[in-house]
Structures are given as C-alpha cells and as structure tokens.
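In structure tokens below, several structures.
Two complexes, one shared chain (subunit A), two partners (subunit B, subunit C).
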Partner chain A sequence: MLLKFVKSREFFLFMFIVVFSLAITVVNPNFLTVENFADLLKSFTVLGIFSLGVLIVLLSGGFDLSFTAIAQVAQYVVVYFFVEYEVDNVFFAIIATMVIGALLGLVNGVIIYYYHITAIIVTIATNSIYIGFLYVITEGELLYDIPESFSFLSDTKIFPMVNASGAEVGICVGTAFWFLLCILVHLFIKHTVLGRSIVAIGGNQLSASRVGFNICRTTLFIYTFVGAMAGFASLIQCAVFQSVVPNSMVGHEMEVIAAVVLGGASVTGGRGTVLGTFLGVLLFAVLSNGLTLMKISPFFYQIFTGIVILLSVSVNALQDLHRKHSQVRVQVKED
Partner chain B sequence: MNEHVKRRSVPRIISENFVILILMVAVYLLMWAMDGHDFVAMNNLSSMAYQLPILGLLSLGMMIAMLSGGINLSIIATANFNGIMIAVLIKSMAGGSMLDASGAVVLLCIIGAFICSMLVGVINGLFISLLKIPDILVTLGTMSIVGGVNVWLTEGYTISDFPQSVLALGNSTILGIPSALIIFVIGAAVASFILNRTSFGHELYMMGSNQQATRYSNVSLVKVTVQQYMLSSFFAVLCSLVMIGQLNSVKADYASSYLLVSILAGFLGNVNPFGGFGKVAGTVIAVIILQFISSGLNLMGVDSFLITAMWGLIIIVVVIVKGAVPKIKKARLERKNSN
Partner chain C sequence: MLLKASQITKRYGGVTALDHVDFDMEKGEIHGLAGVNGCGKSTLMKIIAGAEHQTSGKIYIDDEEKPPYSPAQAMKYGIGIIYQDLSLFPNLSVFENIYLSRVLASGSKTVRSAQYRAGVEEIIKELGIELDLDATLDELPIAKQQLVAIIRALFNKTRLIILDEPTTALTTQEIEHLFGILKTLKAKGVSFVFITHKLTELKEVCDRVTVFKDGHLIGTYKNDETLTIGAIEKAMLGKELTYKHYDSNSNPDKVLLEVSHLSKKNNFKDISLTLHEGEVLGIAGQLGSGRTELAKALFGAEPADSGTIKVDGKEVDCSSIHSSVESGFAYVPEDRLALGLVLAQSIRRNATICSLKRLSGLFGVLNLKLYKELALRLLDELKVKYGLVSQPISSLSGGNQQKVVIAKWLAINPRILILDSPTVGIDVGAKSGIYDTVHEKAKEGMGFVFISDELPELLSNCDRIAVMSHGRITAVCNTSDLTEEKLQQIIAQ
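And then the complex of A and B:
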C-alpha cells in the first residue's frame, strides 16, 4: 500500500513541489510564510475550481473548452443585474452564477450527446458563441461596481491570524470553498453511482452502457457540472479582482487543462484523481510564485510552464511504456 | 453501391464536398443579397483575397495534424516564432536596423528561421510518436514553450520595419493577383499533391484510420508522424511570411484568436476529428465560407465579435444538419420499404 503510494503520480508531484519550495525558500525566505501561502492559494483558487470541473470532463473522456466563456457570461450577468436591482447577497449570487453556468453547460451536453459530435468541436463553437454575444450585447464594457457582500469570498478569513505588523492573514473563504469542493468531488467520484459511471464511461463507453450505466444522464450531468463550477469560480474571480472584464478569463482554458493533466488525468478518459489535480494546480501556483520571488523575468514563466508540462507527461508516458513492457512480470508478482 | 461509384459522372471534388459547396453558394448569395453591390465589388474581393490566406494556411496546417486524429495547438506559436526569428536574425546580422540588410542576408535569415520552425515540428512528432503522448498534450507543451520563447525574444514588444524584400513575399501583386493568395493556392496544391499522390500521404491517412494496422504493415509511425508535424509547421511558416508582408511587424500574440477557428475550419471542411479522413479541397472551401461570412458581415458594419459568434453558430447548425440528414434518409427508406 505504502509502496504503491510512493510510486504514484501524486507522490511524485508532492515531492516535486516540496523540493521546489525548499529551493525557493533558500533563495528567498519570504516564500514560506503564512501570508505568502494564503495569497498564493487565493490567487489560484479560481484555477483550482475550474480544474475540478475539467477533471470531471476529462475523467469521462470528454473535453471542454467553453468553460471560461461560460464563466465570463455568468459573471457578467450576475454582477450586472445585482448592481441594477441593488441585490447585495453573496449566497444568492453563488446560486445564480452556478445556475447560469449549469444551463450554459447543459447546452453543450445536449449537443454533444444528441448529435454525437466530438466535444472539442462543440465546445470551441459554443465558446465563440457565448463570448461573441457577450461582447455584442455588453459592447465590451467593464464593470467596476461590484456588490460589497462579494468581498466575503475574497477578504473574510477563516481562522484569522495576526502577523508581526498587525495585519490579518489566513485562508480566505473562497479558498476554503475550493478545499471543500475538492473533498466533495473526491467523495462524489469514489462513492456515488453517478461518480462511478463517469469514470466507467471514460474507461469504455460501450462497456459502461452495457453494464447499465445511463450514458445520457451522465453526459448531461458532466457538462452541466463543468458549467456550474465555472460559474462559481467566476464569482470568486470577480470578488478577488473587484472588477468584471469580459475577456479576463477567456483564452486561459489551456492553462487549466494543463494543470489537470499535470495532476495525472489522462485526456483519453478514465484516469485522474482530485488529489492529483489539486497538486497540479499547487505546482503551477508554486512555480509562478517562486519565479517571481526568485526575481526571474516573467518572460520565462511561460517557457517553464511548457517544460514542466512536457516533462510530466513524458514521465507518465515512460511509466506507461515501461508497464506495458513488464506486464507479464507484474502479473506474476501480484499473484 | 459499387455500381453507383462506377456511374458517377460528377468529379469527385464536387461530390465529396457537395454539402459545403451548397453552403458556400448559399452564403455567397445571402451576403450578396444583404450587401448588394458592395459585396461583389472589386474592393471587397481584393480585401478578401488578402485576408483569406492567413486563416487558410493555418487551417491547412491544422488539417494535416487532424488527419491522424490529433491537433496541433502549437501552430500559431510556430508561425509567430518563425516571424520573430526572421526579425531577430536579420537584426543581429545587419546590426540594428533591419532596413539595411542585403538580399543575401535576408534570404539566409529566412532559411535559418525556417529550419528553427521545422525543428518545432520535429520535436512535436518525436514526442508524440516515441513516447505515445496524446498530440494535444505535446503541442500544448510546445505551444507554451515556443510562445514563451516568442515573448522572451520580443520582450512583449512589437518588432516592425521589415526590409522590402521580406514584405514583397506577402504583400505584392503578380498580374493583379495578391502574392499571398498565390502562396495559398500553391500551398493548397502542394498539400493536395503530397497527401494524395505520395506514399507519405497514404501512410498518413492509414495511420489516421488505424494505427495498429499501419504499424503491422511495416510503416514507421515515428517517421510518418515527424513528417506530418514538419508539414504542419511548414504551413505555419508560409502563414508567417504572409503575416509579415501584411502587417510589417511581428509580435508574440498575433493571430492567437485563429487557433480555435482553424480547428473549426477543418471540421467544417469534412475533416474527421478522429483522423483518417479529410481533403484539402474541403478545408479550402470551408475557409472560403468563413471568409464570405466575415467579409459580408463586416461590410454591414457588424461587430467583429458577432462574426466570431456567427462562425460558432454556423458550426453548430452544420453539425445538427449533418446529424439530421442520415435520419431523414433512414426514415424515407423505411417508408419506402413499408410501402
């Protein structure tokens, strides 16, 4: 059991993060402070919540490139109408963004399931439709007037601590929601019929349907879920940045997918864990934060990201190839 | 079924692309009806001839990657990389100003940049075929690395003022025809020749339909994949030459919005996203359709974002229609049988 964990991808990622963190701390001791870590987690909460949705899609063997556009639309609609009608309730806003996101995601699911089109094509198309209409209707106008209660997500701390200079530091509510969602999604994937059916479809859709899983319901659920997650993330994004910019998230889909893949999810479906995804996001966070703290030019960040992606998928692939070559031996050992 | 094939008198290029050809004519007539004389005016036609090649060349590069069921996400980064390399090389060899560079230096730099861009293709191909990593992940990684190198080389700025000899490649007219369009037509013809008439082309289609079977028929998947991605990069290079000619500048994030559109163009042009099927002609027609829509709406003064939305809508409609056609055929057949 322990040996299995040591050999697992999560452990590899974890060690990588630890080693990298130590290296950064040696160069800049500011890295390993509660303050810095809370900030780091806060700025990657949006990516983290997106990644949970993407993980579910990748697990099912699907693909989604429209979630950023969905987030953008949900965020704009909610903030616009909340300001217009002077509704100032963050919990109502959370529900509203998630419902809008879920509906837009459901559109993807319906097209993908009923017309049997590759998910990637459908979601590229819906991405451009959502963003196009958002721009046309809003004329690209920015919103700076965010309802005050939204800052509950970004400013209120749970377990606040006071640092040397007297400022309050700690994990913010948005980040806490992310952790909570991680646990819920993990339990959902492992212990519910719907969660198992997502993994089963990702492994082999035909077998899954013969075993009796409801493919239609599962597919619709998957894309609805991504939409809902995207909606929720978008609300945190606007709470953190205190503005709504219609193109602030769109175009960053690939970063999210990269983080999920880094966490060991396979793009062909059936493989991936919440812990891995979490660590994948964390690695990205530590990487970007560390490069800044080590005073390395931000121009290199993208190159580093690319190298990390290529390296990690290569390690994965090499392990797979190795496993395939030694399949017979493994079976003997397991007996 | 066999008899039907023998009886066929229409050329294959029409019969294979029947639906999208009709769509193309319909879109053309629709735009003509809505814009009137403006749409068929020489002015608009020539502006279309200038805009079309950029998306067209990128779509061809993307289509070649899609033929094996993959996707080349690094294609735009490669195109920008090629342009930036040309600029950086000329600058370093001519000492500061690009305008002073002599013809021989310019040629040398273009070749140098070409080799670098091909190298991106080789790396893509090697990772995909040797390590068996899904295409989308490898090219996601190289997109990030090459894009990062672009930002690093330009420091995020625009590099402009290319020597006239470089600009002429993408921005001159030969007998009244823009050279960009000529590059596109020749590129499409070359792609069509390579895919349909060479053994590499056949191996590529085979690999797209059934990788295992191709490997057992003594075809080196590594070789085919590397060649495939080099060819894909080659179209990125052509595109970059056209872009330099038209914009007279290079930047790390030019044309980045075309990445997803080029995938759509391939799909609209009957390229199967799972690989194995797809022709150059279909992709070219699809690009022309997209160009008609964007130019036509542009003339009406429609917002460019609405044009993007329209492209997306068209894809969804085509998808739904395509899905409905077999069902209608089946229903008709059943009715006939019951009679």
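And then the complex of A and C:
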C-alpha cells in the first residue's frame, strides 16, 4: 500500500513541490510566508476550479475546450445585469453564473451525445460561437463597475491573521470555496453511483452501457458540470481582477488541461484524481510564484511548466514500457 | 427446464439471421455451440441475453413465457453473457468490477462497497482460486480477467452464463483451469453456454452440443462416445472437408530462410530452423508455446533480442516491420479482423494496401489505372467472391476476407509468407482455395511458414512440421513420417 503510494503520481508531484519550494526559500525566504502562500493560492483559484470541471470531463474520456468561453459569457452577463438592475448580492451571482455556465455546457453535452460528434470538435466550435457572440453583442467593451459584494470572494479572509506590518492576511473565501469543491468532487467521484459511472465510462464505454449505466444522463451531466464550474470560476476571476474583460480567460484552456494532465489524469479517460489535479495546479502556482521571487523572467514559466509535464509523464511511460517488456507471454523452458 | 427458446426467428431487413430455431438449457449443464462465423449462434445468444429481440418466437424461463426483455431484465432472470472482450473496466479495481453492476441494480445513489466484500470473497473461496481484489484490473493477465468476469456473473446470481469464445486468448493450462472451474460450478447447478471454434474443447467439456449453419439449427447432440469431431464438423460445414495431398515443391538445394539461435526474453528461446525454396514449413504447438511470438519476431512486429536471420544466405534486419518486409517477409496474422484488415475501407483499398508505393509515380501520386487493375487481378487470382470492389471489406464472408488479406501480401511477391492460423472460422470452400493458393505460390519458389492448431491441415499442406513447446522447438519432422496420432503425441510431450 505504502509502496503503491510512493510510486504514484501524487507522491511525485508532492516531492517536486517540496523540493522546489525549498529551493525557492533558500533564494528568497519571503516565499514561505502565509501572505505569499495565500496570494499564490488566490491567483490560482480560478485555474483550480476550472481544473475540477476538466478533471471530470477527462475522467469520462471526453474533452472540453469551450469552458473558458462559457466562463466569459457567464461572467459578462451576470456582471452586466447585476449592475444594470442594481442587484448587489454575491450569492445570487454565484447561482446565476453557475446556471448560465451549466446551460451552455448542457448544449455541448446534447450535441456530443445525440450527434455522436467528437467532443473536442464540438467544443472548439462552441468555444468560437460563445465567445463570438459575446464580442459581437458587447463590441468588446470592458466592465469596471463590479458589484461591491463580489469582493467577498476575493478580499474576505477566513481565519484572518495579522502580519508584521499590521495588514490582515489569510486564505480568501474564493480559495476556501476551491478547497471545499475539491473535497466535494472527491467524495462525488469516489462514493456516488454517478461519479463511479463517469469513471467506468472513461474506462470502457461499451462495457458501461452493457452493465446498464445510463450513458446519456452521465454525458449530459459531465458537460453541464464543466459549465457550472466555469461559471463559478469566472465570478471569482472578476472579483479578483475587479473588472470584466471579454477575452481575459479564453486562450488559457490549455494551461488548465495541462495542470490536470500533470496531476495524472489520462486524456484517454478513466484515470485521474482530485488530489493529483490539486497538486498539478499547486505545482504550477509554486513554479510561477517561485520564478518571480527568484527574479527569473516570467517568460521562463512556460518553458518550466512544459518540462515538468514531460518529466512527469515520462516517469509513467517508462514504468509502462518496463512492465510491457517484462511481461511473460510464454513460459520459456530454461536449460 | 431452465430456459427454452421456441421457433425463434430473427430478421435484419431482408436478411434472415435465425430461422425457426429451437433451443433449450437444463439446470447444471454445459451446452456447446458450434458453427462458422455468421451462422446465427451469436444472434441467438444475444436474444437470450436480452441484447437483441427476436422477430418471432417465444422464450420460456423456468417454464414461464417471457416477453422480449432487456439485458438488465435478463440479469434479474439470472441470465448473463460474457462477451469475448469481457466487458470489464480496465481502470477499476478487481473488486469494483465485480460489485459495480450489483450497485446499479440496487438503485442506490451512493456506493458502499464494504457490504459486498464478504460475498465476493466467499465466491472466490468456493472456486478455490487466488485473486487480489484490490489490484487494478489491467494489471492482471487475461485469464484472470476472465475469472473476474465469471465471478461478477456469479455475484449477480447468474444461473445461466453464456461464454462467447472464452478460450481464444488462453494458454492450454489456463484453458484446463477454466474447464475445472466450469465443472465445479456445473456441479453447483450453474449452467453454461459455451461458444468456441475449437471442436476438441466441445468434446472435452460439454454435455450437449448444438450446431448452427446459415441461420438454421442443424441439430443438438448428446456428447457421448458416438459424437465425433468429424461429425460436428460435417454438421457445421454441410460437407466433410477432405484434405488433398499436395506434391512437394521444396527445393532441398536452396535454403531460403535460415534462423539461428533466435531468442526473445519471455517469448521464445534458441530457435533455429531452415526453410527451403518452395517449401511449406508447418509450426505446431499449443497456444502459449511461442509460435505466434516467433512469427511476430520474424515479421519485425516484436523483434527478437538476439540471434540471426538469413534470407538467401544473407543476414537480414528484422528489427521493424518495415525492414522485415524489405527483407522479403509477409505475415497473415491470427486475428484478421483486428490486425489484418481495415474493416471500414473498401475491398479494393484493402487488397492494394501493401502495394501503394509500387503503384505511385512522381511525388507519390497514385496511378489510378494500375491501382484498379491490380485490385481486379488480385481478387481474380484468389477467386474472391464479391459484389463491388468499392464495398467495405466487412461486407465479405470470413473466408473471402481472409483471401483478401493473403492477396494484399502476394501483390508484393514476398519471399516468405507467414500464415498464422489462416483458416480459423472460415468455410470449406475458402479453406481449400487458400490451400491451393499456397501450393501455387510454392511452385513459384515462395516459402511458407504455416502455423495452425488443426493437425490434418498441417499434415496435408506441409513438407515438414516443427513442434514448439514452452518457447522452444522440440522436434522437426518430415510430414511423410507422421500420422495425426503421432504428431499429437509429440505436441503433448
């Protein structure tokens, strides 16, 4: 059991994060402070919540490239109307962004299931359509007038602490939501029939339908879920940046998918854990923040993330190759 | 009576897949089904398992008539089917694979697996096998995975388990083990339908054998001393296959292929053999003896670790399929559907797939005229029966498909053609057509390595037969010195 864990992707990532953190701390001791860690987590909360949706879709053997466009639409619509009608309630806003996201995701799911079109193609198309409509209708106009209550997500701290200079530091509510969602999604995947059906479909869809899983309902759920997560993430994003920029998130899909894959999820489906995904995102966060603190040009960030992904998948690939090579096909009689 | 199917007919459009078939199952019986591909046996089993519905006819379970039902309903009746692909989940644990369908059937929204543990462990204990419930399924060898599928069926309280070609991917020991388990379960009152291409297995394990041909049920026979394999074969094929005697075309003065000390870890060891021009060299041996692995090594698909391969006296490189083909090898694989054909593509494209380089000119542009001519010539030469060359290859019968696989390689005139079980599951006409082609080409000097389970086939076609066991060649005999019994003895040693 212990050996299995030591060989796991999660352990590899964890060790990598520890080693890298120590290295950064040696160069810049400011790294290991509550303030810095809270900031680092806050700036990666949006990616973290996106990644939970992506994990679910990858687990099922599907794919989604439209979630950032969904996020942009949900964010714009909610902020625009909440300002227009002077509704200043963050909880309504959370529900509204998630519902809009869920509906747009459901559209993906319906097309993918009923027309049997590859998910990657469908979501490339809907990505263009969603974001295209947003540009056309808004003419690319930015929104700076964000309802005040939204800052609850980005500025309110749970368990606030006071640092040396008297400022309040700690984990913000948005980040706390991310952690909570991680736990909920983990429990959902592990202990509910719907969660297991997602994993089973990702392992072998034909087997799943023969055993009696409802493929239709599960597929629709998966894409709806990605949409809902995207909607929620978008609200935190606008709270953090205090603005709505129609193209602030599109184009970053690959970074999210990379983090999930780094966390051990398989793009062919059936494999992946919440812990791995969380560590994948955390590693990205530590890399990004660490390079800044070590005064290395942020341009190196992309190169580093690329190398880390290659390294971590190579470890698994080598294990597989070794296993394949040492597999006994024939009981060869020795002399 | 556990199950009785009466006057079952199934039509797909205008095609009749089953024509007024009667079939029944007793409690605690192993009932074998035989017939060539497309004879209707799988269709009947799908109807019994609820995956398809009959056009007409009635099904009685425990002497009670049941309207057409779904697979889930079939499970409630205690009927389960284990398809050839096993329908398991490679990414889940063994334990979860076993209990998952039970959770679904219970209608619960959450999974509480602990309650299933004792039940599953008890089944494993009853079967007297070892199984790591917490291992991920794809870590297990295929034989163990099959046991998982059976345990899953038992855990679902299945009384009638339909096994669709369960022995195809198993070694001899594994097959023996499986048969032992089937017999144990039979004694406890579980019934099995056992579908196989290997008639010896029917004889060994079944209580009754039912034979299908062209959608008709030819007969159900009690498996006693009076039932011979020849009789089953005759019922399957409509006529008895007579093996011709072919004159040898082997030229003993010219060594075409010389393999020395070829080894591959966990596959085969120290293989040395020669093949003369125009010779047909048979390879006999049980599944798991290393014969297919040797063929794959010669073809470069899974290259050997050490040893030399010489063609026409010159050492050649067989480290990849590309270089093996360049060296003059061609390979007709055992699993023609998965490895030999591109099923969705047309007959013509499949037939010419190996020759595209020869058919194209400047900048790799295909010469359509040559391409079309070659396809017609090949299909004609092998006497393939087809409608239009542009139809998908999947529209052909198994025998004609196999002829296309052979044709595509003959098109590039290989020096050595390796045939791995080339006649499994195909009809008599196509079989003798393939034998004739082999000997025509041998006359032209082509060498053949002919792997087969069917000893009469080897004895009729080969000049010499090498016997493999445990990854080694244990004997090489001249066919003229052999009889079927003698060969059987050598293989069993």
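As a working rule, the second predicted complex is superposed on the first by the 325 of 335 C-alpha atoms of A that agree within 3 Å, B and C clash if a C-alpha of one lies under 4 Å from a C-alpha of the other, contacts with A are read in each partner's own complex, and residues count from 1 in each chain.
Heads up, the rule we're going with is that a residue touches a chain if its C-beta (ideal position, glycine included) is under 8 Å from a C-beta of that chain, and two chains touch if they have at least 3 such contacts.
Quantities reported herein were computed from a predicted structural model and do not represent experimental measurements.
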Using the touch definition from the top, say if A:Arg271 reaches subunit B (first), subunit C (second), both or neither. second
Which holds for A:Ile309: it touches subunit B only (first), subunit C only (second), both, or neither? first
Let me test your reading of the model: by the given contact rule, A:His116 touches which partner, first (subunit B), second (subunit C), both or neither? first
Please indicate which partner A:Phe213 is in contact with in the superposed arrangement: first for subunit B, second for subunit C, both, or neither. second
According to the stated criteria, A:Leu180 is in contact with first (subunit B), second (subunit C), both, or neither; which is it? neither
State whether subunit B or subunit C is in contact with more residues of subunit A in the superposed arrangement. B
Quick one: classify A:Val193 as touching subunit B (first), subunit C (second), both or neither. second
Could you give the residue numbers on subunit A that contact subunit B in one complex and subunit C in the other? none
So in the complex, the part of subunit A that touches subunit B is made up of which residues? 65, 111, 114-118, 120-122, 124-129, 131-136, 140, 251, 254, 257-258, 261, 266-268, 297, 299-307, 309-310, 313-314, 316-318, 320-321
Would you tell me which residues of subunit B are touching subunit A in their complex? 71, 73, 127, 131-134, 136-138, 140-149, 151-152, 155-156, 256, 260-261, 263-264, 267, 273-274, 303, 305-313, 315-316, 319-320, 323
Which of the residues in subunit C end up touching subunit A in this complex? 51, 71-72, 75, 83, 85-92, 96, 100-101, 103-105, 108-112, 265-269, 288-290, 293, 469-472
Subunit C touches which residues of subunit A in the complex? 190-194, 196, 199-200, 202-204, 206-208, 210-213, 269-271, 325-334
